[in-house]
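The same chain A turns up in both complexes below, where it pairs with chain B and then with chain C.
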Partner chain A sequence: MKTLEVVPLARVEGDGGITVTLDGKKVKKVTLDVHEGPRLIEQLVRGMKPEDDVNVVPRICAICTLSHKYAALRGLEKALAIDPPEKAQLTRDLMMLGENVESNSLHTYLLALPDFLGYPSAIAMLNDYGDDVKRALRLKKFANHVMEVTSGRIVHGENPGLGGFGKYPSKKQLSEIALRARELVPDAVRAVELFASFEYPEYPEVDTNFMSVNAPNKRFGLAGDTILISKGKETDAEDYRKLTSERVVPHSFAKRSDYKDKSFAVGSNARLINMGERIEGRAGDLFKEHFSDRWLKNPLFNNLAQAIEMTWALEQMPEATEKIAALEDPKRTEATRDTGSGTGAVEAPRGVLYHHYEVKDGLIEVADIITPTAQNLDDVEVHMKACAERMLADGRGDDELLPALEMIARAYDPCISCATHLVTLKRL
Partner chain B sequence: MHKLRHTPGDPEEALTKAIEEVIGNGPVYVLGLGYVDKADDGAGVLVANALKKAFPDRSFSEHDGLEGIVLDISEKPCPGTVLFVDVGNIGEAPGSIEVVTMDEIKETEVSTHKVPVALMAAVLERSGKRVAAVLIHPKSLEFRGDLSSEVSKAIDVVVASVSIIMESRKVT
Partner chain C sequence: MSSPKIGVYGFTGCAGDQLMILNCENQLVDLFGATEIRSFSMAKSDNHEGELDVAFVEGSISTEEQLEHLKDIRKRAKMLIAIGTCACWGGPQAMKLEEGGFEKRYKGVYGNAKITVSKAFEAQPVDAFVRVELKIPGCPIDKSEFLGAVSKLVAKRHPYLYRFPVCAECKWKENPCILWEGKFCAGPLTKAGCGAVCPSHNMPCVGCWGPTDDLNVGAEYNLLKEKGYGPDEIVQKMKKFGGAGVAKLVKEIKPTAKEKEANK
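Let's look at the complex of A and B:
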């Protein structure tokens, strides 16, 4: 028996590794191991007031902080029967567009691109692809600005709250965002062109399921009250436990999810597979041009999907800002009850994020948070195992195998810090 | 390669001199790194915030979106130096300070989803800027822990030393 290890797994958020167990040339097991310590956030917020919870739970992660904020707001607003005003909804949409560009620009250009170009890191590709590194920084700077204008700060903004916002962006800020978003579309399109130009190896290909929210009004979007399962099937987000049946495994501090005993994927590729035909504009054209059936089997296409989605997000901003600017600043909507339950489902950059709450007499009794990375972990392992088996059968050596497995894990853009907040502690 | 270890009790002038030796012509920018909720881990942010009062256009922390700041500095035509300030395991007593040059800012891309510091440093260097780091050895990185007195004193020393240098290179 032989064991190969990639520890630590680089260019992902958090502390993880890959272990491949071989019996001769036969692959016994491939695991994505999560070493990041448990965070126990759900226990921490029990007994808290909802308005305090929405400021605590985003601390799970500094990358998708606004997705956690938005999911918590959606879940708690359902629980407390709060119907936020239209301007608040539109401003939340804009902040999510900002977070999407912030995360996808970093992941495509700086974390995934070196894999495809054959460089050990973005630093190593600086001499040959210095302009692309600067494109990433430009996009990230702009996206940080969008998040700051909408949420109050670049990281962990406190401006969005239950029933509305503390302060809405000014018309000047909104028009500046619209202008700059238009200017930056070519930087996103360049990422699409790069990722569309690569040869994608067939080794990791396995059919899988894809889950995403079903955005309302038959549009592509980053929040919804129902969940689509690989086109067509639709389930109420309140039934999220049926979609994510969770379990623990010995090699990971993060829980795992499966759907009907099979792995599934969430993230940009899942969103585009389930809702991509709804995208209009340049991003819609790019999707139609580059989508193929191989996206349904090969997780490496997630990076191309992220680039197309980033283009979509930038193209959405002028319309979103125009709608926000046309509305007067409303007062926050107040809660109409103090006892109830609700589930918020939003699309974090890495996929569907659920926040479920049960509130009694104005205090949180139950909090349940299911992150996209926790949902993806089984799927990562399935594709890594298939890849390892095929590469070894093809006579490929360990020196080729391990980077290929790392590339698969990174393609999912895993956020291990997010995934480890939810381990159940059992004392026997 | 330059390295200076400044241990608690050493005169501030020695640190000022060591920093002056690694910086080039033009203005000095401070970029503070860290996580203030983890005890001493936030030292770099606290240094940047303290300097920001006197030098709002030249001192920034993680909370300001460093990638954009780095991009802006890299596109300035004039020479300059960027000092990253962070905690680091330098194998000395808590509160000890080390000044390191670009060569020693290693390519660490582990456990991060941010733009790596080494990449930001490389972008700056490519644009003709000098890059160095000031590291403070922490006593505690405990979540929700208090800032240790040793690191608190080191922060004061770094702020005082860097202030003198930034004051002498005011941008007109």
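Let's look at the complex of A and C:
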């Protein structure tokens, strides 16, 4: 018996590793291990007021901070029967577009691209691909600015609250965002061209299932109340437990999810597979040009999907900011009850994120958070195992195998902090 | 002058402080040029674990494996700087430090399942285990405060950090006082450096940078009590981010039996 290890798994957020267990030429097991320590956030927010919960839960993850904030707000607003004003909804949409561009630009250009071009990091690419690194930094900086203007800060902004915002972006800030978003579309398109130009090996290909939040009004979007399943029936987000049956495994502080005993994937690829037809504009054309059946089985295409989605998000911003600017600043809507339950589902950059709350007499009784990376972990392992088996059968050495497995894990854009904090309550 | 050898490490937290380093878009290339980044696994894969001039450590410590790693970093580093509220004070995951109940919360999440990857314990700040030369708090750290500190270190000077509460920054911005309006604001207790960002958005300070130097917990407690907040709620809100730092201070507050009764 022989064990190969990749520890730590670099260029991902959080502390993880990959372990491959071999028995001669046979692959016994491939695991994505989560070393990140547990935080037990869901237990800690029990007994808190909802207003305090929305300060704490975004701290689960710095990259998906606004997705956590928004999912918590959606869940708690349902529980407390708060109907936020239209301007708040639109501003939340804009902050989600900002987070999407921030995360997708960071992952495609700076974390994944070095793999495809054969460099240890984006910094090492500076001499040969300096323009692309600069494109990434421009996109990220702008997206951070959108997050800052809407949420109050680049990371962990507290401006979005229950029932609305503390302060709305000014008309000047909004029109500057619209202008800059238009200017940056070519930088996103360049990422699409790069990721469309690479050869994707067939080794990791396995048919899988894809889940994503169904955005309302038949548009492409990042929040909604039902879940689309590529090989299944549309399901109410309140039934999230049926979609994400959870269990604990020994090699991880992150829990696992499966759907009908099979792995599934969430993320940009899932969103485009389920809703890509709804995209208009340049991004819509790029989707039609590059989408193929291989997306349904090869996780490496998630990088390409992220690049297309980032183009979509930039193209949405001018219209989104115009709508916000046209409305007067409303007051925050107050809670109309202090007892109730609700599930908020949003599309974090790396996939569906659920926040479920039960509130009694104004205090949180139950918090259940299911993160996208936790949902993806089984699927990562399925594809890594298939890849390892086929590469070894092909006589490929360990030196080729390990980087190939790392690329698969990285393609899911795992957020290991998130996955770890993912925790649920066992209700008897 | 040779450039300082730097390592950036992350433990239990959200990785937000490492992300803020990567968010220094305009200065990132200069930063990698002025220093020799030996290890930064969130950003690159060619990492070398040897002697370091400065180790930046993010996150709290919550497993045996992390503790061993931390001790190893300490041995190799001339200077260890805790970055972010989790490393400095324990962060949200340490909000119940010294209250007990960790085992129960752990079971509430993982049940009786056996996790062999490492043994977990309640999260604590870095200085609960090793010597720390400097704490740069923040949730996340502020870009300019971090870059200011790094510039000083490159020039072999000691970094300067704010030693006063968020209220001072709020006054500079001429914001109306949220506490005065009767809302719970942690500004008087919280270390400055964020630019009073929440009060500047008409939202109360949530205390995410942890306790400031020389704070007067008793005065804030009494003020909030006058505004109608119950003792338990005050302590709970104060401990949300300050963890270990506040845990010590709240011991100074002893609600009277009458208050305890009224709070029920």
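The definition used in the following text is that the second predicted complex is superposed on the first by the 419 of 428 C-alpha atoms of A that agree within 3 Å, B and C clash if a C-alpha of one lies under 4 Å from a C-alpha of the other, contacts with A are read in each partner's own complex, and residues count from 1 in each chain.
By definition in this document, a residue touches a chain if its C-beta (ideal position, glycine included) is under 8 Å from a C-beta of that chain, and two chains touch if they have at least 3 such contacts.
Keep in mind the model is a prediction, meaning the values are calculated, not measured.
Once chain A is used to superpose the two complexes, chain B occupies space that clashes with chain C.
Ranking chain B and chain C by residues of chain A touched puts C first. With both structures placed on the common chain, the touch criterion links A:145 to chain B but leaves chain C unconnected. In the superposed pair of complexes, A:320 makes contact with neither chain B nor chain C. Of the two partner chains, chain C is the only one touched by A:60; chain B is not. Of the two partner chains placed around the shared chain by superposition, chain C is the only one that A:48 touches, whereas chain B remains out of contact. Touch criterion met: A:106 reaches chain B and chain C at once.
By the touch criterion defined above, A:166 reaches chain C but does not reach chain B. Using the contact criterion defined above for the overlaid structures, shared-chain residue A:158 touches chain C, although it does not reach chain B. In the superposition on chain A, contact of A:273 is made with neither chain B nor chain C. Among the options 114-122, 150-158 or 168-176, the segment of chain C that ends up inside chain B in the superposed model is 150-158.
Comparing the two complexes, residues 8, 10-15, 59, 63, 106, 110, 121-123, 126, 137-138, 140-141, 144, 153-155 of chain A contact chain B in one case and chain C in the other. Those residues of chain C that touch chain A in the shared complex are 10-17, 19-20, 22-23, 25-26, 28-29, 32, 41-47, 59-63, 65-66, 91-93, 95-96, 102, 105-106, 108-111, 113-118, 120, 123, 139-140, 194, 197-198, 200-203, 206, 208, 233, 236-237, 240. Residues 8, 10-15, 59, 63, 103, 106-107, 110-111, 121-123, 126, 130, 133-134, 136-138, 140-142, 144-145, 148, 153-155, 415 of chain A are the ones touching chain B in the complex.
Of all residues in chain B, only 37, 62-65, 67-68, 70-72, 74, 107, 109-116, 118-119, 122-123, 126 touch chain A in the complex they form.
Per the touch definition, chain A reaches chain C in the complex via residues 8, 10-15, 33-44, 47-49, 52, 55-56, 59-63, 65, 106, 110, 114, 120-124, 126, 137-138, 140-141, 144, 152-159, 161, 165-167, 247-253, 255, 417, 420, 423-426.
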